[in-house]
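Here come two complexes built around chain A, the first alongside chain B, the second alongside chain C.
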Partner chain A sequence: MSEIYEKKLLDKFSDALIEGFAKFLDKVRPGWYKKNKARVDEWKLMAYALNRSPPGLIGLALVIVFIVLAIVGPYIAPFNYDTPLTAFDRDAYLAPPGTVITIPNTTAAKFLGVRSGNYTLLLGSDDYGRDLFSRILYGARTSLIVAIMVMLVGPWIGILIGLVAGYYGGKIDEILMRFTDIFLAFPGLILAIAFSAVLPPRIQYFLNANPAVRQFFLSLFSLKVQHAGSMAYLVSVIIALWIVWWPGYARLVRGLVLSARENLYVEAARALGVPTRWILLRHITPNIIGPILVYLTLDFGGVILTEAGLSFLGVGAVPPIADWGRIINDGSQYFPNSWWLVFYPGLMILLTVLGFNLIGDTLRDILDPKTRRSIEFKLKKKKQKGEKNEV
Partner chain B sequence: MKCMSTPLVKVVDLKKYFPVKGIFFTKGYVKAVDGVNFEIYKGKTLGLVGESGCGKTTVGKLVLRLLKPTSGKALFEGKDIFKLRGKELKEFRKKAQMVFQDPYSSLNPRMTIFDTIYEPIKIYKIKVSDPEKFVVELLYRVGLNESHLYRYPHEFSGGQRQRIAIARILALNPEFIVLDEPTSALDVSVQAQILNLLKDLQKKMDLTYLFISHDLGVVRYMSDYIAVMYLGQIVEYGPAEEVFEKPLHPYTKALFSAIPIPDPEITRKREKLRVPGEPPSPINPPSGCRFHPRCPFRQEICNREEPEFIEYEKGHYVKCHLYSRK
Partner chain C sequence: MAELKRFLVRRLLTFIPTLIGVTFIVFVIAAVIPTDPARMWAGGEKANPKVIEQLEKEYHLKGSILERYYFIMYKLFTNQMVSPVTHHYIWDDLAKRFPVTIQLTLIAFIYIVLIGIPLGIIAALKRDTWVDTAVRIFALIGVSTPVFWLAYLLIFLFFTQLGWITLAGTPKPDYSITGVPLIDSILHLDFPMLAQILQRYSLPGFILGFMGIGITARIVRNSFLDAISADFTEFAHARGLKKMRIYKHILRNALVPVITVLGLQFGGLLGGAPITERVFGLPGLGSYMLQAINQFDYLALIGAVFFVSLIYLTANFIVDILYAFIDPRVRY
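For the complex of A and B:
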């Protein structure tokens, strides 16, 4: 299908990527490629449309950079997130970006796991002499993990409630949606603040009782064992966001299901005797997944922003955990003299959220067949015009 | 009508009222189906005709239990389908199927043809050794081939889609199929193909059809029996040829005289029975005979008493005062 369009290098790259993925799936499940050729073509078309959308590509690049930083950040960071460099060099106190510090070869340095030598503090340091660059890298990990944990549970509660309410209608719908309204009636942020203020002691207790879970979270957040108590605050933010994050999805999905279930193919499936669960999963969900996916992507940035906001307000991450919102909060008392403590984490939040928003917007255009067709159509026309001019 | 065998499908005094909701309470009811009786014998086709909004499709959905009736019974193989539970209901769902009017929206756009046709087999856990071969065989039976297997519905024409919809229900070996205007969304040339396919399948598989349509030519071609519906009630019922040759009810006469004949000579000379006005609202149907406000042969009794459904000739029923005094 996509052969009618002129292919640039980027398209060839994305085609090869998709082709490779399809071949991989074919290896895992023999015969997959043959059965899903139409789908692979569709993917290529989507990639083609994405390649023609500069905002989408910028968003994709920002998101990829963020994710890569979050994954490898703790390994490439020059210092740990809580290493007080002022212990070695007085210059490290609120050092502006580019300051060079010297770390002597002492037992204290060995104890803190810092090798001696000269270091350039790329983005400066804070009032404890902690390297801002390292803390921002660790902060990326914190943001990503919190966002993923929230998105793995929160929206799905809403999606499930929306599916059930929308499909069954009647009394079930009424009960579920009034329940949702109760949650919507509270301002989300306030509710989240309340929960994350109340939950930590219980979570600390729970984490102490279950060392395996504690270890799992510690390695996810890339934190030291002695900071498990502070980590409980992050976990409570995650749980608080689960509780406030689903009502929007319940509303959205219910609306989508209400319109999707009126489709004739749903009635045809019912006439065939297809069980309700199956109708919801195979007939309704695939046809409303587009808007949900867009909303999820846009919300990923939203979670990062909310989490940073909570930390900024002092109810999220607690010191010494590296978290963008927390860094801004701690640095704000030295603003504007030590502007870098506010500027760089703020810039990171901005770029990350912008990336998710751009990609979400582009996904909306690409996933909706109508707008995608119009993109393709425009390109086709453009190409034809170009050919005429050449003649 | 009084055959030796029992009918496969029997509908007794079926009613379906849809509530019209006001702000606080129900304002009234749309009497979509108001006391319908008919029987369909195995291997036969009953054509259900009537203008739009007379409740044809509602009847079709009721006899498949896609809607709950307000009152009345529908028997399938002697059992009331509205009382079926569990295993029996599943068995009924398997045996009774429906082909929908609009093939453009009755197929899930996100499922390949293979998935669409294979779905019922999966649901009813029918054992198939080679799913692909099984589906291809079904495709051949409806005049498609294996090259169509892994495509999506939007790649097909209306006629092909209707064939896919038919293949899907054939997978289950049904006994009774409700055809809800299966050809009205198709081109004339394609219509004939689909109708012939349906007739073919009926002969081969001994299928029983309830054929719902407003296209009288098509109904005449397909049906063994005909039931004419007006405003939620059946006004005439009988063997197809007899009803067409000798329509009794004024509404039936008017309906048949409106069949276009592709010959201007005949059309000009032909005597036409015109029915003025529009069908009344089914929320508040006329008293007495429902057809009386539009009937050219209206009598005094018509707006007072509802006529009975009488057997005017053997097997030919009519609901009209013109015939009840005899």
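For the complex of A and C:
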């Protein structure tokens, strides 16, 4: 496999990554590598296809930049997300990008944790004199955490329901699918708006009763303790999105299982008396994981977009939490004079979501075994031709 | 036709349990309402205890779950639900705002059909060329763009710079046939009115339809490619039919899945309405929901959610029936 194409730098890098991962698995489970040699080759072929797909690479780059920003953002941000710079310099009120402000050496500055000196506001500031660049960095963290939290639960409820409904069929299928239909009878965003509007007081109550959970979320979102009340709104968005994000997966997975279970290997496994959950886990799941993975990637972007939309409507993040949708909502009253408050956060949302969508779209091709076979076939043919020419 | 009738009956039978389920979810939203809504409705911290008590009694806030469920559903279905904040009949308010949203959705649909379907057909005919790639990228950008952001950029271009659109008021003619100004003005051949309506609604409609245009183009492309490589097309070629005739065959078969997609798009458009209405200040269902949330008017909120889901359910129902008419295979 590894000899049929000429390796470029990127291929060498991805091959090394895959080899490293395979070696690691081999250490955990001795004998794994030998048994799964074909699988590792398949992974390398996927990497080959990805390395030659510009949209996929661009998407990967965008997503990596987003994740890095979300992780290190709060540490490299010049100011905190709620530091009102107008307290030090009047120019900081709705300052256009590139404004230089001076922070004097006062007790107020020390109290707010700002060092004195000259600062350039890269992306300008808002009506409280908060630095937009810092807020966008914090906003990346907010988006990432909400998206991860939603994707860790929502789709999996749907996948589980779809698996069970598709495999067992009959009455169970009928009941589960009617249940899913009920949730599909609402336009998703409408239901999400309703739930994120009514949940916050209960979440606030819950967070106050469980300081450990509250502390956990505070550190995840990188917020100050006094903003725990505002954070409850973000947590309710997460829960609201759990409620609306599973029915699509239930439908998808059920359809996939229905077609997968007709395969002969499932029938053979059943004839051999393999237990049901074993069939579901070992025979059906690996064969339907491709499309699910594609949808998970696409929906990662979808969640970020929806969360921004909810915050824009005012039912998601509340001030002073830094959230891209919320920044646009607050800045829209100064549009178009203070255009940067709308333009930059929106651009960040666009680039991030586009990144996930580009990856998802590329994965759809790569994870399809047919595409991989055709690539392999082409490469082998090319190589044969090349050899003939040499002779 | 017998099996069509059977299909309709079966479809109706699944419609009813879904509707009951929907009422249940609407009730759950009402049940998780913050602890003391009566106090908020009565005026907050210093509210008169007597008023609070009266409100609690009037809206059965302290009753058992079944009692509250029955109360809400009975009042909603018989149009007796009065908002405790605005003191309007909720259903009447919704009916007043419905034409704005339906108008917006109609215009978004026109964009989707007029741009999305041709783009998809072109992409399928020019498969694997730069045109195809461009449509693909456009579709990806469509699903990745925060529409509220795009809306502000386009407002800057078309309102601030060019002055082509208006951003205030909701044009409404004196006469009323269907209740939807857009359709009324076309029926009356009232072109100045139509121009006013289009000036106000064309950009919001585009923003609402923006995501759907790309999605529709992609799906039309794929179903077209399926139809082009189908057996009946090959057979048509073999029979030596003229190119136009073959295209007619392809078009008919390729557009069947497109109807489903357009039906599904409807839900997306209804869901997207709050954002568009918020940006453009249109008094539709979406802005009604947001207003209800801001005023802690939770009964109006669940009324709106229920109303929207009813529209959506009915739309899906109609799409399914249409589908059964067009494609005989569905009836079984």
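Observations on the structure shown:
What we mean here is this: the second predicted complex is superposed on the first by the 373 of 391 C-alpha atoms of A that agree within 3 Å, B and C clash if a C-alpha of one lies under 4 Å from a C-alpha of the other, contacts with A are read in each partner's own complex, and residues count from 1 in each chain.
Here is the rule we use: a residue touches a chain if its C-beta (ideal position, glycine included) is under 8 Å from a C-beta of that chain, and two chains touch if they have at least 3 such contacts.
Note that this is a predicted model, so its numbers are computed, not measured.
Once the two complexes are overlaid through chain A, chain B and chain C fit side by side, free of any clash as defined at the top of the document.
Look at A:A38: by the touch rule set out above, it reaches chain B but stays clear of chain C. Of the two partner chains, chain C is the only one touched by A:G188; chain B is not.
By the touch criterion defined above, A:I328 reaches chain C but does not reach chain B.
By the touch criterion stated above, A:F13 is placed in contact with neither chain B nor chain C. Once the two complexes are laid over each other on the shared chain, residue contacts for A:A268 go to chain B alone; chain C is not touched. Counting the residues of chain A that each partner touches, chain B and chain C differ, and the larger count belongs to C.
Contacts of A:F216 after superposition on the shared chain: neither chain B nor chain C is touched.
Residue contacts after overlaying the shared chain place A:F24 against neither chain B nor chain C. Superposition on chain A places chain B within reach of chain C only down to 6 Å, the least C-alpha distance between them. Contact residues of chain A toward chain B in the complex are 34-38, 263-265, 267-275, 278, 282-283, 286-287.
Against chain A, in their complex, chain B makes its touches with residues 64, 66, 90, 93-94, 97-98, 100, 102, 105-112, 114, 119-120, 123-124, 150-152, 155, 165, 168-169, 172. By the touch criterion stated above, chain C contacts chain A in their complex at residues 14, 17-19, 21-22, 24-25, 29, 32-35, 136-137, 140-141, 143-150, 152-153, 155-156, 160, 267-268, 270-272, 274-275, 278-279, 289-290, 293-294, 298, 301-302, 305, 308-309, 312-313, 316. Taken together, the chain A residues at the contact with chain C in this complex read 55, 178-179, 181-183, 185-191, 193-195, 197-202, 301-302, 305, 308-309, 312-315, 325, 328, 332, 335-336, 339, 342-343, 345-347, 349-350, 353-354, 357-358, 361.
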